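Chain nomenclature is as follows: A, B, C and D, assigned in order of appearance, with residue numbering initiated at 1 for each chain independently.
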Amino acid sequence: MSDSVIALLHGPDQPGLVAKTAGWIHQRGGNVLHADQHLDRDENIFFQRVEWQPSADVEIEDEMGSFRSLVEGELGMSLCLNRSDRRPRIALMVTKEDHCFHDLALRHRAGELDADLIGVLSNHDTLGGVSASYGLPFVHIPVTKETKKEAEAHQLEWLTEQKIDLLILARYMQVLSPGFLEEVECPVINIHHSFLPSFAGARPYHQAHKRGVKLIGATAHYVTQDLDEGPIIEQDVARVSHRHGTKELIERGRDLEKLVLAAAVRRHLQHRVLVYGNKTVVFD
Amino acid sequence: MSDSVIALLHGPDQPGLVAKTAGWIHQRGGNVLHADQHLDRDENIFFQRVEWQPSADVEIEDEMGSFRSLVEGELGMSLCLNRSDRRPRIALMVTKEDHCFHDLALRHRAGELDADLIGVLSNHDTLGGVSASYGLPFVHIPVTKETKKEAEAHQLEWLTEQKIDLLILARYMQVLSPGFLEEVECPVINIHHSFLPSFAGARPYHQAHKRGVKLIGATAHYVTQDLDEGPIIEQDVARVSHRHGTKELIERGRDLEKLVLAAAVRRHLQHRVLVYGNKTVVFD
Amino acid sequence: MSDSVIALLHGPDQPGLVAKTAGWIHQRGGNVLHADQHLDRDENIFFQRVEWQPSADVEIEDEMGSFRSLVEGELGMSLCLNRSDRRPRIALMVTKEDHCFHDLALRHRAGELDADLIGVLSNHDTLGGVSASYGLPFVHIPVTKETKKEAEAHQLEWLTEQKIDLLILARYMQVLSPGFLEEVECPVINIHHSFLPSFAGARPYHQAHKRGVKLIGATAHYVTQDLDEGPIIEQDVARVSHRHGTKELIERGRDLEKLVLAAAVRRHLQHRVLVYGNKTVVFD
Amino acid sequence: MSDSVIALLHGPDQPGLVAKTAGWIHQRGGNVLHADQHLDRDENIFFQRVEWQPSADVEIEDEMGSFRSLVEGELGMSLCLNRSDRRPRIALMVTKEDHCFHDLALRHRAGELDADLIGVLSNHDTLGGVSASYGLPFVHIPVTKETKKEAEAHQLEWLTEQKIDLLILARYMQVLSPGFLEEVECPVINIHHSFLPSFAGARPYHQAHKRGVKLIGATAHYVTQDLDEGPIIEQDVARVSHRHGTKELIERGRDLEKLVLAAAVRRHLQHRVLVYGNKTVVFD
């Protein structure tokens, strides 16, 4: 199939939005492949994800530029535009735990992720060997309290050089500084090992065990400067009982973390996730 | 809010379908409230659910007639049209078991169903008293092998007189004859107490217990002449173990049956379910 | 089947506990129907639920007394003893919302709860009529800031008079005072409409909508003086999306609340729930 | 902790069984670590899993021999005995699909499986390279219609030589012959990619897509001579919609297959699964 354009747009509702975007595409000879919209009636905001194949006679960059004029100019809405032939470049940040790392590396190899996995950043060298076994560049940047600033500068430099489109914290055990988050030029997705907002912060399985909950959870979210408070992309839970000590919670939790992070990454890469305020609209 | 029109349409895909329906609505001064579409790429069939408010200047019946010309005439697609101000009239068929009956009667009373519950048909008089306690007309039509034909004629007569739009088999323990299904003028939804196609036919919990499954299920489907083989609208499951005998499966199953039937009925009444072939598209 | 005894015991682990209780029962001619135990290795606490039929030659009260001596005396453990022929007496506290009320009243009528439902306490008279339709005594005790103390005294008096064994807050919208909780002589189970510890306090669905979670939950717990912090008995969740406004969360949440509260009540009444510290062991 | 013995026993119920096994262990100075029992009241069969540490004065093999005499001799019950210090030896059979293979190999490496993974048998050489990357012996035995008998003889020889205790079909795409199953000396666990008994046989996701089910499933079971009809150990499901074509069902199904197979294997290796008739009792 030839290349398509995927647009995520949102803004104040106004009459005829669906007709205007679909009509614009149709008039230029394009063919809508998917279109999904949502109206938040409380806040009167209109959200749309639309994917189309432009006419063979049109340059895709021209199509995108014109569509941007329509949406941002004429309609006064926010727009995020992507083209299906541009594979996103992704990088992982890891520490020592390897379950999310292996899960994503294997999904990448199996072709489940529509992205190129460029490399692995780590503050430890533990996962250097397995990264190599997948043929993945491994960049070891140690981080201590004293060197954190420099280390982050080094990380940012690598991310920029490599033109990374999405950074995935696959159980990276360091908090990224506000400075890093201001300067990083791509979205950052983290997996938190609890059902947020329960058990934010450190050692969530220990907190969960102490509270005696009957379900444990995992949450994938975009990272913002407010720790564990960014927009949630995906969550899931698993049933536990008094028979599960903290060790068993940690073990069961691993499967949850893998699935929830992979689901969030997959949807982000399919340009299905639209952020507004501190929430997400995730188009199916 | 003023009245809206809800259309479910499907047919062979062709360029510009989204633009054509949305454009038609917009040009006549209508406002799209929701639109959702799906393209089955294997079979190249386009499905759409679109809801809009016509312009205040337009008679709603004219709007519907013109839209029908567009879709069935010009676009050559199948169409099912409804108006939001026309509350569907629904009826229940029951035997002796009352859990789905109470569940639907209470949801109706709580305003969860966008429909008028006109009455209850039964081949036994067991639920006559509780029907009365909800203020629901109760029509007792005994059915024996010998009288089945007459009984069904009587049932059909009542359904026609009452202009029923949806008939719900809330654990009705008789098989409806092919003749009944040919003549009945409204869709019929049944709840089967298994995860179809597993354990079709009689006594599904006994079958499930014998096979030693680890999950039991329930399935809501449209009734067709092929017993337990009609288009599936909704399914769900619950975990069981060796500790559950047949009696416990039946008890746990009741909650599943209630939830699955209610979900299917709710979606049908919101005009979210589109049948094609022996399958359904259920718009969220 | 003749009557059985159900014991829940816990205390520091020591060698031979399973043998000692089972041996004691066997030597006196009793027959173990169920036995389940759990050892918390972190805290070295042993938990057991054992149900047995005493010999026909033994008075059940004697059996219970002697077993109490064994467990509390000889073994130095905590014990909670019940007999299967003594149906617990339960009462509901409600305000205006009726979904948990109907659910429990119908389950009671269907014989799903091994208990007698003695009556309904309410601070409003809204549910008086439907209580009557189930043949349930309805006690209307209005509560205002000024009269709360008196009202609670009145409630306690009724609970004592009626010898209530379990009080169920079926969406009762008042906070019970510390004084009430000190004086009430039976356990109190509450349903909170969130996945605790997330969204404790008021208006949890509004909190959940604001935070943009992808699952909503419900939690049944024993009520203690720390609001929404008592031992959790049961929890469950349901998937939601951006399409669900606060109104839809509330509607979907109702089904969760019904199921979670009913599950907790059922297990409590089967003497399967053992409280220790601020947690529960729930034997399957 | 020193070594323990794990017994799975079942047979006709009789008075005092719990007391007799626990008493026997206690009298010989042993300490029960876990004990769980179940009584199938319909068939009057008693099931028990009991794990204990024998006294330091006793040889573990003597303890096991004596316990066998008690259970099989005196009590007339069936017994399966294992010792915790004897790590089971497991082997995988694979064809070309690698998701279950990687999942189990990684869980093995992470120490999640209490077993030694001895090697990989395959009818294709596709997974030879990745087996090597895990340091796993890979035995390539091609199978054609003509060579099937010989090939199976070769497989059996390897399994016997390697003293394999559990053979896992991790998406092995050949049917094992009745002769193989008669001669193989260890249990065989298979993962079937549907919610059995729905969609037994070939291409279950295609069958599921055609039937229009709303949930897909996976089932792990012991292999018997009746294809896809052996005792079920574990099952789970995932929600799908009209948006999922066969390709998406296959992709989503992979995660289910991994989790369900791993759960079944883990429980088998913990000696928690007791087979009787064509069903299993899985102790938590």
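As a convention for this text, a residue touches a chain if its C-beta (ideal position, glycine included) is under 8 Å from a C-beta of that chain, and two chains touch if they have at least 3 such contacts.
The structure displayed is predicted, hence computed values, not measured ones.
Among the other chains, the CA centroid farthest from that of chain C is the one of A.
Two copies of one chain, chain B and chain C, form a contact in which over half of the residue numbers belong to both partners. Centre to centre, using the average C-alpha position, chain A and chain C are separated by 42 Å. A separation of 37 Å divides the Cα centre of chain A from that of chain B. The set of chain A residues that touch two or more partner chains comprises 241, 243, 284. The part of chain A that touches chain D in the complex is made up of residues 98-99, 102, 106, 110, 112, 133, 241, 243, 251, 255, 259, 284.
Chain D contributes residues 15-20, 22-23, 25-27, 31-37, 39, 284 to its touches with chain C in the complex. Those residues of chain C that touch chain A in the complex are listed here as 38, 40-42, 47, 195-199, 211-215, 217, 231-237, 241-243, 245-246, 278-282.
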